[in-house]
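Each of the two complexes below includes subunit A, the first together with subunit B, the second together with subunit C.
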Partner chain A sequence: MTEPTRYADRPEWSDVAPIEQYENTNPLAPIFYTNEYKDATNYFRGIVKIGEKSERVLELTEHIIRLNPAHYTAWQYRYETLIAIDSDLGKELKLMDELAITHLKTYQVWHHRRLLMLKIRKPFPELEFIARTFKVDAKNYHTWSYRQWLLAYFNDDELWGAELDFVEDLLYADIRNNSAWHHRFFTVFQSGVHEGEEDRERVLKREMIYVKQSISLVPNNASAWNYLRGILEQSSTPYSKMITFVEPYTLSMDEQTADLVDLDNPPPSKGAHLPCALAIEFLADIYEVQGGESMLKATELWKSLGNEHDVARKKYWEYRIREGLRALQA
Partner chain B sequence: MSGTSENFYLPSLARAAHAGHVKRCLSGLPDSQVDLDSGRMAIAFYCLGSLDLLKMVQERTSETDRESWREWIWEQQTSGIHGSGFRPSPFMTGSMSVEETRYTDYDTPHIIMTYTALLTLAILRDDFSRLDKKGILSFLKACQREDGSFSTVPGGGETDLRTLYCAFVISHLLDDWSGVSVERALSFIASCRSYEGGYGQFTHCEANGGTTYIAMAAIHLAPVTSNSLTPSEIRKTIEWAAHKQLQSGGFCGRTNKLADACYCFWIGASLKILGAGDLVDSRSLASFLASCQFKFGGIAKAPGEHSDPYHTYLSLAALSMFPPPISANDANSSSWAFDALDPLINAREETAKWARTHIAIRR
Partner chain C sequence: MAQIDDNYPTPTSTSQKSTIALLVKPDPSTKPTPIQSGILDVNLHLGYLGRHLLQGLPARYTSQDASQPWLLFWSFQSLSLLKVELDQGNKHKAAEGILAMQNTTEGGFGGGPGQAAHLLPTYAAVCSLAIVGAPDPSIPEFVSPWTRIDRRALYRLFLSLKQPDGSFRVSSNGEVDVRGVYCLLAVAKLLNMMTEELVRGTKEWVKGCQTYEGGFASAAISIGENRWAPLGEAHGGYTFCALAAWVLLDLEFPSSPSGLQLNLRNLRRWLVQMQGGKDELYGFRGRTNKLVDGCYSWWVGGCFQLLDKLELRDDAQTPDVIWNPEGLKEYILYAAQHPAGGLRDKPPKSADMYHTLYNLAGLSAAQYACQSAKASTSTTTLPNSSDSPSQSRSSSETPSLTSSVSSASASSTQAQASSTPRTTLTPQPPPSPSLNATDPLFNLTKTHAEAMMNWFREEHGEDFR
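Moving on to the complex of A and B:
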């Protein structure tokens, strides 16, 4: 693959004085730039010095960000140029679609997109675009953060309308995707009341059923248990209300009683790995709150976790036992 | 059983090889890593920080090198309309002519690079007589936004919780908080707390190890005692963090993600700051990090991956906080010995002390 023609050799750039990067005799962690990068950034420094904002600056900055997507000044200058020359921002967004996939983990790519969206103000197609990037990496932090920003900023009921379905699709694909669970919590509980969600009792009940069914399917999923705790705390529901639901998950497969179809207390599904450490932990938390006699039951459960079901966290379970005893003595 | 040194085998920590790795990076990085161009000061910190934690700065670098590196860092200190601070590198700087002593809008200081510059100068035992302390206070002020967060550059759009942490450490080292509105910053941090008990990068974001560390460190550095955490919040954060140590001994950064060496620091330090450092299983932690050692030197994010200065530094920092319970009789034991680390500043205690002494604005 041949290197592109240097800006230094292109007559249409001859009016710009390139500026070499200053470097002293012993730089710290110098980068052995390619000639292509040196050439492009020399011309960028030259352009910035004279303050030019033109079409050719878009070509130059695109070249640089393709080589180094973290060059935040190139991004900054590019954005200012787009605005100064009244560029077609829709076209810019399409270019960003391509770059975003290649540089998913680069902060600047998403920041630039945010800036464009503040001007373009068409958030709908973004949801579709974001969904596509999730096929590449369903837990990408920047992407989720961008989606949350988009929804909260535009705060349009139509935008929110399909969000639960979207999250459910992702959870169906990977029930352990914590980013999706987090997003669900954000959508349902932390972004105001959306159209159709005004009956908060109904919403809470729906979420409880959803998370319990999820736990029933795959009990060993910390995301689901964290979500359950989140809902309970959000609605100031005591953990003890969950005792009937949780207990079967603390027993082995053999110890399960006849299965009942009970929407409020879906039992562990066949093939679930039992007993479930997360359920034992939850039950211990219930006993701990009850205090008194129940603290002994909590202690037994913490011991079983430290010795058998969650040995990796033995020190943590010892800490819980100590804290429990301290609370008893208080 | 855990915590004793019976039957506990740990290979040696290849200190010389890791020192070699960061030294090579200090001398130069290949063009494939050009994306580090706008963050060279941070890379310098991870490299020199690693040597400092290994106590090999004197041994592996010459006085000439250290002298010229200090010079290079000071060349990045720049003043202008928004105060003073350090650039990441001269990536937007042309010749150093006398007329161009003030920065333009495109060559401004950067908060994260200012933090790493200060720590790196402390590692190199600079006397900080050239530091424009008042200028830095103005710079911090110029970077703080309405919502309490800080942008990376004055008036710039990029922001996340990391910059807030840097602003707090800088204020702490200057022993002068007049450059930041602590109240606004603390309320921004609070808005980043998620239902899981950890903290996200912005309001409404998923709880993540790096940002949880930042929240904990910032809260504990802050001079005011109001707005600190309730006992139940502390407990919940401890619970979230403690669950991030996996069976391998490594830590993951978010629920249901894989272990990554850097989270051994971010989450480990969070627990230490909350007074729950003893909940970390230091034995399995060391085993995990031992397995992250790259055969050509340096420590990688996970076993079998390539190493880099960032993961090398943070792994060593984690080990400095949680030395493994290896018997003194074990031939490998000395390779795992470290000086204490200050988890709030993220530097060896001796270096942190030097920094505080020399950076503080004297009244």
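Moving on to the complex of A and C:
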């Protein structure tokens, strides 16, 4: 197809009466649509009015979606049409493969895909497709939530089977990819217990080692610290269990004691920027829970954050001091 | 905290680095424009808004064709924050335009005339009508467009979108997420339609969206009895929607202290962690390890006021300010203002209506937080090290230390949160004009929100069922 011919000029559309968006009014903030878009949406309104569901509606809605993938009414009507005329949903999914990559950030491409999957019910090839889109954008929110929905909804042991390796690859490519960290948490702790993961103590230990090694490599990575906090809270493990690990990160590079290699407590890497504010915060949290004398140690750490290591958040650290002292008095 | 790469670059730290390079405050020695001086250029932005409203939007806005009520809401609420009201003629035109998007068969509003009903444009349409449609007692013959909102049909639509797990679809066959839930609740509150029947189970679902990081995800999926898995990581936009939804619900149907509660401690921590450091001009990011963006000035910056609403049921209490509102102003004023008008994500991007509103709303939140911070007397303040920010902050409030400043800046809320040593203090710019406050539950001014709530409560109590 060269120039798209206007529906107004196509005899096979002559039975549809196009409907203008605004008749006899001139609205505020009008959009200067192209003629092509105006023509297509005029005919779409005409089709919706008569309620036609047919093959040509698929052509028309695809045309509109390509011009404006956020046109949710066109998507909605397209889906109803696909179902009404019993269209080949596999073919539709193929089309979506293309549209998802071009319009990665549109809600509708992912939601439509989900509706199709609820009918097709073949989630396996989807994992592969999603992995490909992460090559374009490894933090795309819609893609991640679609993947998590797919896994949790179909909840098939085999489907979950390679998920941890998949996350590991993404974290290897970018240790700061918070979407991947979240997915790890989702997979290991928040979606039920999957095959091979029944020994929860072993799983927790494995995750603890994983996140500690990650912090050791790149200490100033909020994603990893949040993951550590997350798994401790999830498993009701007190933060204080981490004190030996955390302390070196609260010191400067000069203060590091060259010790024997302790696999449970990997030290900061040579290139690390120390002291690490996230570690100081963590240590203060440990002291705060201990209360009593330790609360004063916590307030000292909060002071050092507010005055030196994390000055931008001074008001927050002042708030933590107030709360800490209040708890001490109570 | 300042972004430090531990000598271990990855794609995240590389894009972080190139963003920081774009976030620079101008050299104070050059002859600055208002923007370069860190002042809100009100006239420039009014020009931008007026141009778009009256002359229209270029073809690239076709992507917003299904968000027409939003284009209006972003404009009208930006004007409200800037203390500007439309004239009667344009208010009338606006109201007619919005009512043309009401879906007469489904109820609610669509993204444009003839479009399907959808919770998001319904919120934008109702909020726009709150701004332009208030009844005017001085003109008795004026029939408020509020009378033409079909609440019966709207309530039916709401119930039809409700899911067994307490959530809502955004439209027929549409997706489920916290944006839709928030939009529905905000509208239900404004139009006095918040019934127990409507929101049964919704609180549980919203709580299920809270992630281990403290912020909220787009949605949650049930994985068994009272167990939820959030779909997606903690995100600024979804966190705002979830928290506002929670507060709307809790004000109406309070949880008992031992009942359903959010993890506020983790939420507070996550919110403050979203604020960037000095090298990011203290802007907000929307997710851990992502880039700062002006729109989170509101989505994250607005959350602190929501927390105050939740924790201080008594308006007389002064809230604790736990974030850095002085800092946020730097991002909005230096980086987010576009030299040609309107506000934006970050340089060198162009401005758009969405970012214009959410930067202005964030600025409004920052201005009011700065006032509370000053009003608060019982605060613990850290002893200052020689060049700490609170030192320069207090200096800037003392005219004698800020050479060659007009007396107006004595009350400036424009203080710098940078750690500029006292000796090199540059003259402070005069203060930016103060914006109207915005009610974080709706992002409407208190006047607009209350007028609408009162009218629907008094005139049209229960007649939607």
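The rule we apply is simple: the second predicted complex is superposed on the first by the 323 of 330 C-alpha atoms of A that agree within 3 Å, B and C clash if a C-alpha of one lies under 4 Å from a C-alpha of the other, contacts with A are read in each partner's own complex, and residues count from 1 in each chain.
Operating definition for what follows: contacts are C-beta pairs under 8 Å (C-beta built on N, C-alpha and C of every residue); 3 or more make two chains touch, one makes a residue touch a chain.
A quick note: this is a predicted structure, and the numbers were derived from the prediction, not measured.
Trainee: Report clash or fit for the pair subunit B and subunit C bound to subunit A in the combined superposed model.
Mentor: clash
Trainee: Per the contact definition in the header, classify A:177: touching subunit B only (first), subunit C only (second), both, or neither.
Mentor: both
Trainee: Could you tell me if A:271 is touching subunit B, subunit C, both of them or neither one (first, second, both, neither)?
Mentor: A:271: touches subunit C, not subunit B.
Trainee: Classify the contacts of A:24 with the two partner chains as first (subunit B alone), second (subunit C alone), both, or neither.
Mentor: First partner only, subunit B.
Trainee: Which partner does A:219 contact after superposing on A: first (subunit B), second (subunit C), both, neither?
Mentor: second
Trainee: Hey, is it subunit B or subunit C that touches more of subunit A?
Mentor: C
Trainee: Would you mind listing the overlap between the subunit B footprint and the subunit C footprint on subunit A?
Mentor: Correct list for subunit A: 19, 21-22, 25, 27-34, 37, 41, 45, 48, 67-73, 76-77, 107, 111, 114-115, 139, 141, 144-145, 148-149, 152, 176-179, 181-182, 185-186, 189-191, 221-223, 226-227, 229-230, 233-234, 312-316, 319.
Trainee: Which positions of subunit C touch subunit A when the two form their complex?
Mentor: Contacts found on subunit C: 1-8, 10-13, 52-54, 56-59, 61-68, 71-72, 75, 90, 93-94, 96-97, 100, 110-116, 118, 171-175, 211-213, 217-219, 221, 223-224, 229-235, 266, 268, 272-273, 275-278, 282, 287-290, 320-324, 327, 373, 379-385, 388-390, 417, 419.
Trainee: In their complex, what parts of subunit B are in touch with subunit A?
Mentor: Of all residues in subunit B, those touching subunit A are 1-3, 25-31, 33-41, 43-44, 47, 65, 68-69, 71-73, 75, 89-96, 104, 106-107, 152-153, 156-158, 160, 194-196, 200-202, 204-208, 240, 242-243, 245-247, 249, 254-257, 276, 278-281, 284.
Trainee: Within the complex, which stretch of subunit A touches subunit C?
Mentor: 19, 21-22, 25, 27-34, 37, 41, 45, 48, 67-73, 76-77, 79-80, 107, 111, 114-115, 138-139, 141, 144-145, 148-149, 152-153, 173-179, 181-182, 185-186, 189-192, 217-223, 226-227, 229-231, 233-234, 269, 271-273, 277-278, 303, 306-319, 321-322, 325
Trainee: Show which residues of subunit A lie in contact with subunit B when the two form their complex.
Mentor: 19-34, 37, 41, 45, 48-49, 67-73, 76-77, 106-108, 111, 114-115, 139, 141, 144-145, 148-149, 152, 176-179, 181-183, 185-186, 189-191, 221-223, 226-227, 229-230, 233-234, 312-316, 319
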